[in-house]
Amino acid sequence: MRRISDGARRSVIQYIYTLTCENRPGIVAAVSTCIFEHGGNVRESQQFDDTESGRFFARIVLDHPKNRLDLPKLHAGLAAIAGRFGMTWTLRDRAQLLRVMLMVSKFDHCLADILYRWRIGELPMEIAAVVSNHPRETYQHIDLRDVPFHYLPVTKETKAEQEAAVWALVQQTNTDVVVLARYMQVLSDDLAAKLDGRCINIHHSFLPGFKGAKPYHQAHRRGVKIIGATAHYVTAALDEGPIIEQDVERISHVSSPDDLIRQGRDIERRVLSRALRWQLDGRVLINGTRTVVFRD
Amino acid sequence: MRRISDGARRSVIQYIYTLTCENRPGIVAAVSTCIFEHGGNVRESQQFDDTESGRFFARIVLDHPKNRLDLPKLHAGLAAIAGRFGMTWTLRDRAQLLRVMLMVSKFDHCLADILYRWRIGELPMEIAAVVSNHPRETYQHIDLRDVPFHYLPVTKETKAEQEAAVWALVQQTNTDVVVLARYMQVLSDDLAAKLDGRCINIHHSFLPGFKGAKPYHQAHRRGVKIIGATAHYVTAALDEGPIIEQDVERISHVSSPDDLIRQGRDIERRVLSRALRWQLDGRVLINGTRTVVFRD
Amino acid sequence: MRRISDGARRSVIQYIYTLTCENRPGIVAAVSTCIFEHGGNVRESQQFDDTESGRFFARIVLDHPKNRLDLPKLHAGLAAIAGRFGMTWTLRDRAQLLRVMLMVSKFDHCLADILYRWRIGELPMEIAAVVSNHPRETYQHIDLRDVPFHYLPVTKETKAEQEAAVWALVQQTNTDVVVLARYMQVLSDDLAAKLDGRCINIHHSFLPGFKGAKPYHQAHRRGVKIIGATAHYVTAALDEGPIIEQDVERISHVSSPDDLIRQGRDIERRVLSRALRWQLDGRVLINGTRTVVFRD
Amino acid sequence: MRRISDGARRSVIQYIYTLTCENRPGIVAAVSTCIFEHGGNVRESQQFDDTESGRFFARIVLDHPKNRLDLPKLHAGLAAIAGRFGMTWTLRDRAQLLRVMLMVSKFDHCLADILYRWRIGELPMEIAAVVSNHPRETYQHIDLRDVPFHYLPVTKETKAEQEAAVWALVQQTNTDVVVLARYMQVLSDDLAAKLDGRCINIHHSFLPGFKGAKPYHQAHRRGVKIIGATAHYVTAALDEGPIIEQDVERISHVSSPDDLIRQGRDIERRVLSRALRWQLDGRVLINGTRTVVFRD
C-alpha cells in the first residue's frame, strides 16, 4: 500500500482508493459506511464483480467537505475492513504524483508526445528519469532541460549489466511506473518480474495479431484492412501481458508498410498516453491475465 | 415507482434499482447497508455525481444469494432512505419485461431490426403494439404474426384524433416505452408531454447538426466527411430532447445523398437498438436536458 | 470473362469493366482511348499500381451518352488491348445481376440482414439459392417465400456427398458468388478450390487474431479491448484467405462472452454486407493473398 | 499554375498533376495519351465525376522510367488539352516542397504536433514562418531554433495593421499555404479573400454543430455523446468554408468541459495534420462549397 501524504497545505484534497478481494455480500456497505463515518464523501465510485473469477474490484475517489475527514481513523477503518475481507488495497492522495521512468530507443514519437502532455498538465506525474539506449543527441529537438536523462547503451554482451543499471535507477529514483515508450529491447524475465504490474509497454500491433518484430510489415503482408496498437503490462512472455488499451485505424490496399508505420505512430501515441493516464489515476487493476479499466 | 413482481417462480432473481437525488454524503452508505441488511447482494453498481448540477445518480443491480432477500422489508427500507434524501427511485424485477410500442412510417429498417433483435432475445421486452400510419401490407416481408399491429393513418386534419387514438392505445396496452422507429410524424406538444421521459426517437443526423427534414441531403450539401444518427428523448422542441446515444460513419466526396441514406440506415439501426436496450435495462437517467447513460 | 447483355431495353446502361495485368506504361492511355473512340464515357475510374508485385489493377464504370456506344466494337477493342498487355479482364452490364447462393447454419443474423438489404435494393443481385444444413423451420421468422431454399444436412460421414450436392446446385443455378453467411461447416479443399475467388466467408474475429472455433471466447480470455469481424475469400487454408473487409467495436472488462457474441453480430452483419456489395459491384480484385478494394 | 522545376539532379522524379473542368467524354483519353506519348508513366490516378455539378476532377502522379520524359513537351501538351477542355490545372514536381506559414495563439498543441511531424519527414514542406499573436517565450518548450518566428500581436485597434503585416509576410516568404493551427483570431474578409483556397483552419467542433466560440462548452451543454474537430478552408463566412477532414471521439456523461478540451486536442491534431498532408500532396480540390479529397 502506498504512503499517504497529509495534504494539509491544500484546500481540496482527494484520495484515490482501490481495492480487490474475493466477492462477498457486504463489501460496498462496509466500505461506504466507513468512509461516511470518518467524514469522507464519495465523488466517484466504480466497481466490477467478475462472476467468472469470483473477484471484486473497486475504485473510489473521495474527498471531505468542510475538512471533516479524520484520515488516520479512516485509514485504520479501511485496514480493518481489508483484513476482514482479505483485500488488496491502496489509498493515495491524488495530489501525490506518481514517479514515472520513460524508456525509449530511436523512435521518439511516444516520448515527445508523453513529455508534451506532461508539460501541459494532461499527465499529472513526476518524470523520475528518461532512459535510452541511444545518446542524448538523438533527441535534440525535444526539450530535455528539466528532465533527468540517462544514456544506458546495451549490447547482447552487456544486457545483464545494463538491466542492473536500469533496476538501480528505478530504486534510486523511487520510480513507481516504468513506461516502455517504443523501447526496442526485450526485458529479461528477471527485470520483467521485478517490474511486475507497473511496467507498461506499447506494442505496435493489434494484439494478439502480429506479435514480435516488424508488426506493420506483417500486417501489410497479411492484407488486413485495419491496423492497431496495444498498451499492455510487461510480463515474461513476450507481448502476452494483460492488455490495458487498444485502438485502431483503417488502412487500404494502397497503404505501404511505411504508411502503416506512419498511421501507427498516431495510434501508438494515443493508446500509450491513455494507458498511462489511467495508470496514474488508479484506474487500472490487474485481473489475472486481463485488466479491469475504470475508464473516464 | 414501478410495481414489484414477486418473481417467486424463478430461481435467480435480479432487481434493477435506480435513484437520483441531490448529492449529499452518506447516500451510498445508506443504500448499500440497507441492501446488505435485507439479504441482498450488489452485482453491478454505477453512480455519477454531477458536480455542476449537484445531483447524484445511481443504478444498482442486486440479487440475493440463498434466497435470503426479504423484499417487502428491502422495499420499505429503500422507501425510508428515499424519503430522507428526497430521492426519485425505481426498483424493478429484471424479469418483469417492459412493454414497448413501436411507431413506424414507410421506412421499416429500424422496425425490422428491432423485431429481429427481440426475437433472438437481444431486446428483452414485450411488444405492446406496432403502430404505423401506413397499412399493414407495407411490411409484408416482416413477420408480424405474433405482434399486435395497428394502422392509424394521419392527415393534417385528423392529427389530433389520431394522436388521441395513439394515447388511448398506450394506456390500454400498458405501454412503458414508445419508440419512434423512423415514425415520420412530429408529435404534438401535448402527446410529447404525456410521453415525457419514455418516448425515444431516432433522428437521422448527428445532432445538433441538420435538424428537421432531409438531414442526409443537408449533410451532403454541407460537404461533411462524417455522418451520424442520434437517439434522443422526445420533447416539445423538435430534435432538442436529451440525447441517449449517437454514432457515426465516414463518407467521402463520392457519396451521393442516396449513399448517405444507405449508410445512415446502418447507423440508425445500431444507435436506436442500443438506446432501447439501455432503456429496457434501466441504464438511462435523465439529467435536465442531458442524460446519464450507465453503459454496459 | 462474363457474357455481355445487350441491355437494349433500358434507357441508361452502365458497364463495369475490371482489369489486371503486369504494369507497363500506356495501359490507361490505350484503354481510355478505346472507350472514347467507341462512344463510351468514363463515369468512375479507380486504379492501383502495386509497386511491390508490379501488377496493375483498374475498375472503370462507363456509360454512353446519346446511345452512341458500339458495344461489339468496344468489346473487340478491349480484347485486343487485353491481348497486347496480357490482361485478365471482365466487362459486365451493371444491370445484369450476379446470382448469389447464401449458405447458413443455425445463426441467421447475417442471412436475415442480407435478405433485408436485398429486398430494399441495397444489394442488387439475384438469390440463386439459400442453402442450410438446418431445416427450413429454423428460419420461420424470415420470409423465404420467394427464395429457393435447400436443406442439405451434413454429418462427418455425408460431407463429401453433401458438398457434391452443393456443387451441383452451384452449377444448376448458375451461381456467381457463394456467401458463407455464418455457415459453420469448413469447406473441403476440393470445394474451396472449385469456388476459388467467388466464395466469401464471414469470420467472427479480427483476423489474424483468434482463428478457428469460438473466437469470441478466445477474445474474452485474452482480454482484448476491441473485437472485430473479417470477410475474406475462402481458400483451402482455414481463415487465411484474402481479406476483403474488417470492422471492429470497443468492448470492456464488463463484457461477457455473450456480450461479445451480441456485439459481434452487429459487426459481422455490416462487414459481410459491405464485402458482398463490393463484390456485386466489381470492386474487389484479388492480388495474390491480398485484395484490392475500390471502395465507394 | 505552379512553376515546374527541372528536377535534373534527382534520380526518381515524380510529378503531381491535378485538373478540374466541365465533364466531357475524352478527358482521360486525351490526358493519359499525352502523358504516355511524352514518356511519362502514371503511378497513381484518382478521378471524380460530380454528376450534380457536372464537373470533373482528377489527380495523377506520374514518373518517367528510364528518364524518357520530355517535360517541356509534356507541359505544352497538357496546356493544349487544358485549353481544349477549359481546365484549371497544376503540374508540380513532388520534390519541390510547398512553403507553409503556421499561425498560432496560446494553445500550441497543433503547432508542436505539426513541427514534430515535419521534423521526422511526415509533412514534406518548408516552414515559411511561424506567426503568433503571443511572444516567442510562450513556446519555450518547442524547438524553434531553425524556424523563422514572428511575433505579431493584435488588438481590436491594430487588427488591420497586423493583418497587413501578415499579408506582407505571406508575400515575402513565398508562402503557398497558411495553416491556422489554433490561431484564435478571426481573419477579416479581406485577408480571407486574399488567402482563398490556401488557408486551412482547424475548428474545434464537428461542424456544422457548435460554430463560433467555446464549442466544447456548447457540446457539453447539449449533452452530445461524440465530439469532433473539423479542418476547413477559411472563407469570409465564419466556420462555413469547404470541409477537408473531420474526426470524432466518444465522450460520456462523466466528461467535463475540460475532458472534452483534452480529448479535443487529440482530435484536432490528427485532423489538421491529415488535412495539411493532403494539401501538400495535391490531394484536395475545391468543388464549390465542398471539397474533393483523394485520400491515400
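Observations on the model:
Chains: A, B, C and D, in written order; residue numbering restarts at 1 for each.
Definition applied: a contact is a pair of C-beta atoms (placed from the backbone, for glycine too) under 8 Å apart; a residue touches a chain by one contact, two chains touch by 3 or more.
Predicted, not measured: the structure shown is a model, and the values here were computed from it.
Counting C-beta pairs in contact across B-C and across B-D gives the higher total for B-D.
Among the other chains, B has the CA centre that is most remote from the centre of chain D.
Put simply, the C-alpha centre of chain B and that of chain C have 37 angstrom between them. Centres computed as Cα averages put chain B at a distance of 43 Å from chain D.
Counting only residues that touch two or more partner chains, chain C has 44, 254. Contact residues on chain A toward chain B in their complex (touch as defined above): 25-26, 28-29, 32-33, 35-37, 40-47, 49, 51, 65.
Every residue of chain A that touches chain C in the complex is listed here, in rising order: 48, 50, 206-210, 221-226, 228, 242-248, 252-254, 287, 289-293, 295. On the chain D side of its complex with chain A, the touching residues are 44, 109, 112, 116, 119-120, 122, 140-143, 254-255, 259, 262, 265-266, 270, 296.
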